[in-house]
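Just so it is clear, A, B, C, D and E label the chains in written order, and each chain counts residues from 1 on its own.
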Amino acid sequence: MHMDSDISPPLPALVSFAGIQKTFAAPEGDGTLVAVEGVDLTLEEGHILTILGPSGCGKSTLLNMLAGIYKPTRGTVTYRGAQVSGLNLRTGYMTQNDHLLPWRRILANVRAPYEIAGMPRRSATAKAMELIDLVGLTGFENAYPTQVSGGMRKRASLARLLAYNPETLLLDEPFVALDAQLRLAMQAELRSLARRLGKTVLFVTHDVDEAAALGDKCAVFTARPGRIRQVVDIDLPADRDLMTLRQNPDYGRIAAKLWDLVTRESREGRISHET
Amino acid sequence: MHMDSDISPPLPALVSFAGIQKTFAAPEGDGTLVAVEGVDLTLEEGHILTILGPSGCGKSTLLNMLAGIYKPTRGTVTYRGAQVSGLNLRTGYMTQNDHLLPWRRILANVRAPYEIAGMPRRSATAKAMELIDLVGLTGFENAYPTQVSGGMRKRASLARLLAYNPETLLLDEPFVALDAQLRLAMQAELRSLARRLGKTVLFVTHDVDEAAALGDKCAVFTARPGRIRQVVDIDLPADRDLMTLRQNPDYGRIAAKLWDLVTRESREGRISHET
Amino acid sequence: MKRSLYFYRLVFGVGLLLLWQVASGWLVSPVYISSPVAVAGRLSELIASGELFRHARITAFEAIAGFLLGSGVAIVVGLVLGRARRLAEVLDPFIMGFYSLPKIALAPLFVMWFGIDMSMKIIFTAAVVFLVVFLNTYSGVRSVSPEQQTVFRLMGATERQVVRMVIIPAALTWVFVGLRLSAPYALVGAIVGEIIAGNRGLGYLVARTTAQFDTAGAFAAIVAIVTLGVLLNMGIKALERSLMPWRQMEDAREVAI
Amino acid sequence: MKRSLYFYRLVFGVGLLLLWQVASGWLVSPVYISSPVAVAGRLSELIASGELFRHARITAFEAIAGFLLGSGVAIVVGLVLGRARRLAEVLDPFIMGFYSLPKIALAPLFVMWFGIDMSMKIIFTAAVVFLVVFLNTYSGVRSVSPEQQTVFRLMGATERQVVRMVIIPAALTWVFVGLRLSAPYALVGAIVGEIIAGNRGLGYLVARTTAQFDTAGAFAAIVAIVTLGVLLNMGIKALERSLMPWRQMEDAREVAI
Amino acid sequence: DEKVVFAQSGDVILWAPLYIARERGYLADEGIDAEAITVKGGPATLAAVEAGNAQIALGFPATPITAFTKGIGVTLFGSLSTEYVASLVVQGDVAKDLGITQDMSVKDKIGKLKGHSIATNAAGSAADYLLQNLVRYAGMQPDRDMTITPVGDTSAVLAAFERKRIDGFMATPPSDRLAMDNFGAVKLIDFTRGEYEGVAGIQYVAMSASTDWLATHGDTAAAVLRAMDKALALIHDNPEEAKASVRTFFKDMDDTIFEAGWDGTVGSFPANAKIREDSIVKILNFMELMSGAKVDVNMADIYTNQYYEMSLSGQ
């Protein structure tokens, strides 16, 4: 593994993974399955890190460790200088499966974080409605999750995440069920939100273009056991306009580089879906 | 709505939607919600139709109607000349949510269709193992679905679909959780499989490139109520090589056209996430 | 739709009555099973004299009070033990053991501690009701997805909030099965309580009439008991519908996949 | 881990016994609750004379046979009615009504129809067991995701295959809660059956010793009953573990979201 | 050997003749393979007989007579007890406070208990009606002037008594003795001694069987009666041996309790199993008090000494 990004950021790292290994009991018998191994990674406050890697390489596992849901088998995860142990309440997690409550309407689902914070009902509803509008679900606030489409559930789940306004956002393939337009709009929204509010973001995706467009840097992983192949600095302007990015030659270069990195494995002779 | 594809195919249409409308009870009170409207669409045997459209425009609903799960509110769905009523057992459906059985290991999940067909255990297992290998899950055949990653569940679900070998495949965003490489490999596999076995495919995706690369034609939908904006014929060779397609100028042209179509709505002044 | 449901019930009920009437005297001596006609006669006598309502009121009160007490405690204990799994495992054999006890054998203890008046019957009923609601609540809580809970805990929800917002609604289906199951036991509990000690209530009425071989009277009392049971059950179902509106939605909605 | 579970149970059990011993004679007269020491004495006598095992064997047989019969029928009926929802709705008030009947009051009927030997007790037990298992199975079947079923039906699965591959495994959690719940009722059923009519079995032993004011003997019999109940419960749990291996996996796995 | 199943309600010393006949082999001598089954409540014993699961029911004859009036073919054919085995006991301090003394008349004793709570053993049981009958006899209303609460279980009655939740109860031996020895109870009326004329000499325990069975198994019935006669004779001629014989069925009972139970019961056993008409008259009168209506039967139809005569002649 080699890195071509500088590791001397002006800001102190908000998040750092050091020498992380995570193993699970093997599906069969008594062996163990190494999910990720030797992961060293840092992320500065207010930055967006995108994570690219083959399916099953341990991307979700990494987010789970930062959220404090899993404990690393080896190594330490540090958040704001302190080792993560127990749930990391500074992070907000939008998981791969939407965990909406089936007995609450969309509005009540989005409002839940406000209720938890003890906000009065009326203002909680008003704020939730704003977010529902932001993700384009106006008109469906009274639907139950079973009554809306897959993409709409994702959006509701994103709105809920924004409602509880955590310091760091962990997003696991959040825009996967969205169409191209909406996806672009949501990406732009996310970047501007993060910049405006100084959010730190870890963003898992399979889409190379998305990884390049959104991130301040991008960590590319190898297949399982997931190791970092390279951390690529994305030197696009912080206030880039996502709508016109496709015309930016720097963007094209970076996307091509990422594409090259993620496909290297297969070109190196390993078949693409070896596990 | 206008079409630029010829409607006089050499083959008789295997699937046809005629004047389809589908409404649901509105989430609130007594109104109705129109999901799709005025859909006319045909698909010839052995062809691949990709469906592009914004989230919530009724793509899944369309597949549900062809599978005979929903009844259209108006219009008729015809399969091989007969109106679809009741479950359409000639179709196989890979849904947006994987409906793997949590109490069966991956192998047993993939084997289920063979068991249903009454195949002897030993050969069913052997065949299931082949498919598991095909989707790159070897080594995980004894894992329970909860023990594997999101992308791996999608793959298991695809293997199960292939196991029951239906005449027509309904695929609802099947490759969404897969990384770029694997996605490419699976796309190629799907095309060659479909051609080899003469399968007819309806393929829902949000990825314009994927829609162009995979389809023989592509139906682009408007936002809800979903109507067909245009059906685009994709005149790439039937035996195209997906790996090198990015270099094909025809492909570039078609992808650009689709991109143009899916973004027209927003350019026409409707905000992208209006619902 | 709705009307025909009641229609079928009526048909089935009338069929049962006919069967009973025919069997009575032909297959089985009326001394043991009386007959619908005789029971109807006794029933109207008991209603006219006001005796039936006097007894039924008492039994209904005991059953409902015991049901509320027992199921309330059971839900709380089920929630608590559902969260404290370890404790639950330790206690498990004791709880099961307690329920293997023929509670009637503990009658002297109940009388000793709770006397022979209404409160004894209410507590007895509560004890009978407890297990079913408890075990269903417990299983419901255990079956709530841990992922769902973690998501909420990450949002900063306190244990209480997780219980209120996630656990309780998720376990409600289970709780209601427990409640529906325990409703008839509540009545049986009240009646057995009255048989253990009592000079009022439908249980007393059954015991008295049975001892006198007044089978029609006993069956009249039993009809009253069964009616109470069905009413209680209907009440719980109505409560269930109003507390779980999303369930109805789910039932009504077209199957989407 | 495992060892300390048994350790805690032991501690709790010994604690209960101590409490009992202390309460006996000090808070409550031994006439009603005997004392652990006295019960242990009677128990060893009853074991030595072989009487305990003679009675326990019979009760265990009745309870297990009734349990198997009742729960078997209940599972089948629960599956069938879970699929035929309409029929279930029609029958619902009758089933609930039947369970509101104080079955002990129907003792003469049971004796009439099913006699006084073992088969009566088995049928009585089965009747007691039925409801709990039935209602849990029914609810389990109703809670199986219709999507999951549709997916399988699209694969060409027949109704039977859907039931076997989807419904039954999905409903198993519910069924097992029903089974665990009904296990103690099976014992209570067998014992009440023996009290209704009998000259053998632990229920008879309880009745006889009680009538003879031999509280220690009655409690010795009760200890045997409770032990049977705990064993039955353990058996069901073991069966549950072996029939639902994926559940254990779920319990053991780290919470993933 | 012919198998005969006896249905008895509970295991109590009151069935002493049957215990003795079994234990000493009197029934076996007659070629009868006897089995006793304990059944919950009088109606259930009759149900067992009616269904053919048992041949002979033992118990208070009001049950078979009522069944007879309802069209069940059942006949009383042997007498096993002719005194009402029960007593009325009350809390010692209550008796003292009310100034009740042993030499008062039954009527006055009951009158003093006005407004107090007395337990009986089961709703609709003989003891329950006896008490109500007594209250009326004393010129009061049972449901207004006294709280009569049936408590189904003897231990529960004692528990309620100990905790002073009741002022007194209708007791069968040995619970009266237990209450007197342990909880300071005093015995107000001893029915077994015939203190209350209303039930003195009543037919208290009888054997009944289905009329059809008797018609076809007359010899067996006679043989059973012969065995019972022997047992009754033993009780009168050699009470110690009889007691020892019964004791084998009450191994679990404490010595003093058994003694108390035996002493309280033994006086009720008749010299032989022949049914006396005056005892039947008493029971019919008692039943009329219970139901408040005339018991509509022909005396000769409800009992028979035919098999008793047969048992004598066959000897």
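Of note:
In the analysis below, a contact is a pair of C-beta atoms (placed from the backbone, for glycine too) under 8 Å apart; a residue touches a chain by one contact, two chains touch by 3 or more.
What you see is a predicted model; the values in this text were computed from it and never measured.
With centres defined by CA atoms alone, the chain at the far end from chain A is E. Chain centres computed from CA atoms place E at the largest separation from chain B.
Computed from the mean C-alpha positions, the centre of chain A lies at a distance of 85 Å from the centre of chain E. Here the spacing of chain A and chain D, counted between their Cα centres, is 50 Å. Chain D and chain E have CA centres that are 37 Å apart. Counting partners per residue, chain A has 24, 60, 69, 93, 95, 97, 99, 144, 147 as the residues that reach two or more other chains. Each of the following residues of chain C touches two or more other chains: 32, 104, 108-109, 112, 147, 150-151, 195, 207, 210, 255-257. In chain E, the residues that touch at least two other chains are 41, 43, 47, 50, 153, 155, 158-159, 162. Chain A meets chain B in the complex at residues 24, 27-28, 52-57, 60, 96-97, 105, 135-140, 142-144, 147-152, 154-155, 173, 176-186, 206-208, 259, 262-263, 265-266, 272-275. Those residues of chain C lying in contact with chain A across their complex are 145, 147-148, 150-158, 161, 165-166, 169-170, 172, 244, 246, 249-250, 253, 256. Residues 29, 31-32, 104, 107-109, 111-113, 115-117, 195-199, 204, 207-215, 217 of chain D are the ones that touch chain E when the two sit in their complex.
Within the complex, the chain B residues that touch chain D are 67, 69, 87-89, 91-93, 95, 97, 99, 101-104, 112-113, 115-117, 144, 146-147, 164.
Considering their complex, residues 5, 7, 10-12, 35-41, 43-44, 46-48, 50-51, 53-54, 153-155, 158-159, 162, 174, 178, 182, 250, 252-254, 257 of chain E touch chain D.
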